[in-house]
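Just below is one structure, and these are the notes that go with it.
Order as written gives the chain letters A, B, C and D; numbering starts at 1 within each chain.
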Amino acid sequence: MAEIISLREAIGSLLRDGDTVAMEGFTHLIPFAAGQEAIRQGRKDLTLIRMTPDVIYDQLIGAGCAKKLIFSWGGNPGVGSLHRLRDAVEKDWPKPLEIQEHGHGDLSNAYVAGAANLPFAVLRAYAGSELPQHNKNIRFVECPFTGERLAAVPAIRPDVTVIHAQKADRKGNVLLWGILGVQKEAVLAAKRAIVTVEEIVDNLNAPPNACVLPSWTLAAVCHVPGGARPSYAHGYYDRDNRFYQAWDDISRDREVFLNWIKKHILDTEDFSAFQRVLNESTKEQLV
Amino acid sequence: MAEIISLREAIGSLLRDGDTVAMEGFTHLIPFAAGQEAIRQGRKDLTLIRMTPDVIYDQLIGAGCAKKLIFSWGGNPGVGSLHRLRDAVEKDWPKPLEIQEHGHGDLSNAYVAGAANLPFAVLRAYAGSELPQHNKNIRFVECPFTGERLAAVPAIRPDVTVIHAQKADRKGNVLLWGILGVQKEAVLAAKRAIVTVEEIVDNLNAPPNACVLPSWTLAAVCHVPGGARPSYAHGYYDRDNRFYQAWDDISRDREVFLNWIKKHILDTEDFSAFQRVLNESTKEQLV
Amino acid sequence: MSAANYTTTEMMTVAASRLLKNGAVCFVGIGLPSTAANLARLTHAPDIVLIYESGPIGAKPEVLPLSIGDGDLAERADTVVSTPEIFRYWLQGGRVDVGFLGAAQIDKFANINTTVIGDYQKPSTRLPGAGGAPEIASCAKEVVLVLKQSPRAFVKKLDFLTSVGYLDGGDARKRLGLPGNGPSAVVTDLCLMRPNEATKELTVAQLHPGITREQVQKATGWEIKFAANVPETAAPAENELRVLRDLLHRTAVAHGQTPAA
Amino acid sequence: MSAANYTTTEMMTVAASRLLKNGAVCFVGIGLPSTAANLARLTHAPDIVLIYESGPIGAKPEVLPLSIGDGDLAERADTVVSTPEIFRYWLQGGRVDVGFLGAAQIDKFANINTTVIGDYQKPSTRLPGAGGAPEIASCAKEVVLVLKQSPRAFVKKLDFLTSVGYLDGGDARKRLGLPGNGPSAVVTDLCLMRPNEATKELTVAQLHPGITREQVQKATGWEIKFAANVPETAAPAENELRVLRDLLHRTAVAHGQTPAA
């Protein structure tokens, strides 16, 4: 059964230095508050898994929390590069970042295999591609019936998966809707799962066959309204496209980035304090 | 794009003698009307696939439509045996029935592989079981990463899949909800899919992330209210448990069975005529 | 405790229900397993999680389902997923604590047959088949078997090994590399058996009230072993019987059957 | 037809949109592919089915998405499924008629690089990576590539082969046993190329209005071939331009950007 606790407690007790962690959300419901809490608590040597690293991992990588990144597309969606990711890969700053890269179909299959307790997944891809030469976790198998050659990838089994969702009930059952990405699979593939939610309600009132994660599949549920900002939560708030744009400038320069992280994350107590400080910064910029 | 046509036309033009056909629906939404239309049109030499053959396949088998059955559990749920299935297997009546049997997890994985255009599926099962000795379609593979030995089964790719659903819109997009079974996978695995529906509406008003089958994945949509009777359609009508019970008597004896099929199916024009005749029979019985 | 108080089937159902801990995730088949699991939910284990192979997770049926996919199961479940997902993410995913199975035949190492009586190619009786049993037997952390005891069911040699228990006993199952631990108990109308820790042979661990060792031996097709200490099963408590009978009564009414007197 | 009428990017977008037949199922990436596909939907192909890798099937966005998972995509889609399902049942399942891809580098056999510029271990530029491209390149029945033409992009040798086109040409792709047929067209701001039927080498099939063969050669890192007959691409029709500009305008407004004058 999920405990309903603060995000500080959840990250404090469930996410450890050296863990393999998946923070998922395909543009929608990205668990930014949880990622920032990991920075605030100074997590180190994390192996980060995520299909689309996005700004959330740019922050973690730039802040020095990661030793390895497993991913399939690393950009700032609609804007351009993730400068902290590139700086780490191209110039080892703030430290070297080992990368292991896949395709989207591959990684999403690998989460499915993890959720299904299979050691590997099979897919039609990579014939002709150079990716398998640089990733020993892409191999090939033969179909025992037709003899066809198919790509195989190992299952993903994170120590911790973190997602953001719209609602939980008081028992810790979680409901999400809209663009679901690989969140359900990432949760079911993990040893421990943390879910931040927009609100906690008496009754989920889930439609038939909705995406519900029962409380007993989760370790912690944390009430963090706005916890997906600057990404969005369907039915709650829109994507803050201006922030994604602004991140291009903030992240381009190491000093500017470090100052931003210090002022907004390290020097704030929690996500609501972060949001206050961020709102002030934004107002100043507009003046 | 699905054509919206009569069930007679759909079965007439899309289901051919010798086809491999899956009529799915896990207790819920079983496409009885479509199965009976296949009997009415005298289809022959069908290879029937279904996780739980149920009364629908007992009728097809007893009526001599099938040459082979691929299944995982063949009983009359809550009642007992499928007498026509047993008579075919045990006594070759009305003709020999080749059987290929699996487990539920196995068959549902095989449908998933079919929908995903993979030649096989992998699962954790059958170590120690005698089923693989009698089914050459259960084999074993080794994980290319861990060396673990896992069961493998070939994908199911039916010529035709038939399901029943609650609603279609006028373009032929289909919505179903409640217990979904393997219907979506069975449709996506098939070359041609026929869906009978309770009603055709202007707007599906589907909840987010509902089970919707776009029109362009289907060959035909047929408006057949009550088409899942005696099974049930969530939100429309309940399961007719009395009929399942009555089937035990009807099907136990070859003559009684043949008379029932003649009177209710062969001598009726369509499903609504069938329902009228069946209601009369039921009233007579109650008198 | 008078024998007129309750039936042997009631004793079997109550004994099976007691094996389910509150909060356990239970993969439930139709019939006795479903009855026992719902009895547990309505008595000592209100937070038990019932998963039915048709898709409902956290089902809380008002009445017992007649089929594995009754609408009532979906109506009041925490969520309803597809059947492939049930088998892939939930059972094989390692989330099921207890898998509940019945069988037509069982041997002394708790292997079971639900396929055929007689020869596979020309069976004297064609049984319904595997259903989800091979996967439940492989993947549930623990399996509980429930069936009436008779020499036709408790046989020296299975006509067909559908789903594996402990194979030839000892560490034979372990060597197969299956994720689940295998059967932990067999509950019958006469007694409760547990596998011996070393040999994995089924051993009578409890006798139901009024049942003798001779009755158990007579109903078993091999020389059955008894534990060093064989306590008597506690008779069904008043509360257990009342809840069970209420459940069966409203089930019969709901399904349009004449309830038993 | 005056050059002031429209930009080369508009020509490229319009030319790409024209390749999409009404009713086609189109797997759409963000940026130019998404713009071209939605332009097609709003002009000659109202029944085109747009699938985005984040999950929407049959998306009909009011404005162009900035990200692959914008809420507007989900809001007005026929259905929204999980990302694994998109890749497993819909793309790999063989249901995608046209996969639309961009690239940082392309070679003469339409193989593409979206991974790194320079050495893989010590890249001079780390690009975003594969995304869904390897699977789209493998499984879509047909692939259309859209990118601006320059010698940096149209290279003799890729720094990295992320996603396969025709490999070394001829029947090399066929021998890989991939389900999809490979790239059918490359649309640039200068021209439209098609693979030669036998050699699979990209060959200029159309020149956009006002573009010369010399301009195309200058923007290509290998000796580019021209088809026997190279007609001029029809300039954007008034209707195409109006719809495209309206779409881009309301997109800019919706995303809080100052619309271009």
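Simple rule for what comes next: a residue touches a chain if its C-beta (ideal position, glycine included) is under 8 Å from a C-beta of that chain, and two chains touch if they have at least 3 such contacts.
Keep in mind the model is a prediction, meaning the values are calculated, not measured.
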item: Shared chain contacts [chain A and chain D, defined touch]; value: B
item: Chain whose mean Cα position lies farthest from chain D; value: C
item: Centroid distance [mean C-alpha coordinates] between chain D and chain C, Å; value: 57
item: Euclidean distance of C-alpha centroids - chain B vs chain D, Å; value: 41
item: Distance between the centres, which are taken as Cα means, of chain C and chain B, whole angstrom; value: 28
item: Numbers and ranges of chain C residues touching at least 2 other chains; value: 74, 80-81, 88, 92, 139, 179
item: Shared interface positions of chain B, touching two or more other chains; value: 112, 117-118, 123-124, 148, 178, 180, 185, 208-211, 234
item: Category of the chain touch graph - line, ring, star, complete, other; value: other
item: Every chain pair meeting the contact rule; value: A-B, A-C, A-D, B-C, B-D
item: Interface residues, chain B side, partner chain D - complex; value: 1, 112, 115-118, 173, 185, 188, 206, 208-212, 214, 216-217
item: Sites on chain A touched by chain D in the complex; value: 26-28, 51-52, 71-75, 77-78, 81, 85-86, 89-90, 101-106, 108-109, 111-112, 123-131, 134, 148-149, 178-182, 184-185, 232, 234, 238-239, 241-242, 244
item: Contacting residues of chain D [partner chain A, same complex]; value: 30, 53-56, 65-71, 73-74, 80-84, 86-88, 91-92, 111, 115, 120, 122-126, 128-135, 138-139, 160-164, 167, 172-173, 176-179, 255-257
item: Chain A to chain B touching residues, read off their complex; value: 117-120, 122-124, 137, 139-141, 143-146, 148, 150, 152, 154, 177-178, 180, 207-211, 234
item: Touch list for chain D against partner chain B, complex; value: 23, 25, 49, 57-58, 74, 78-81, 88-89, 92-95, 139, 179
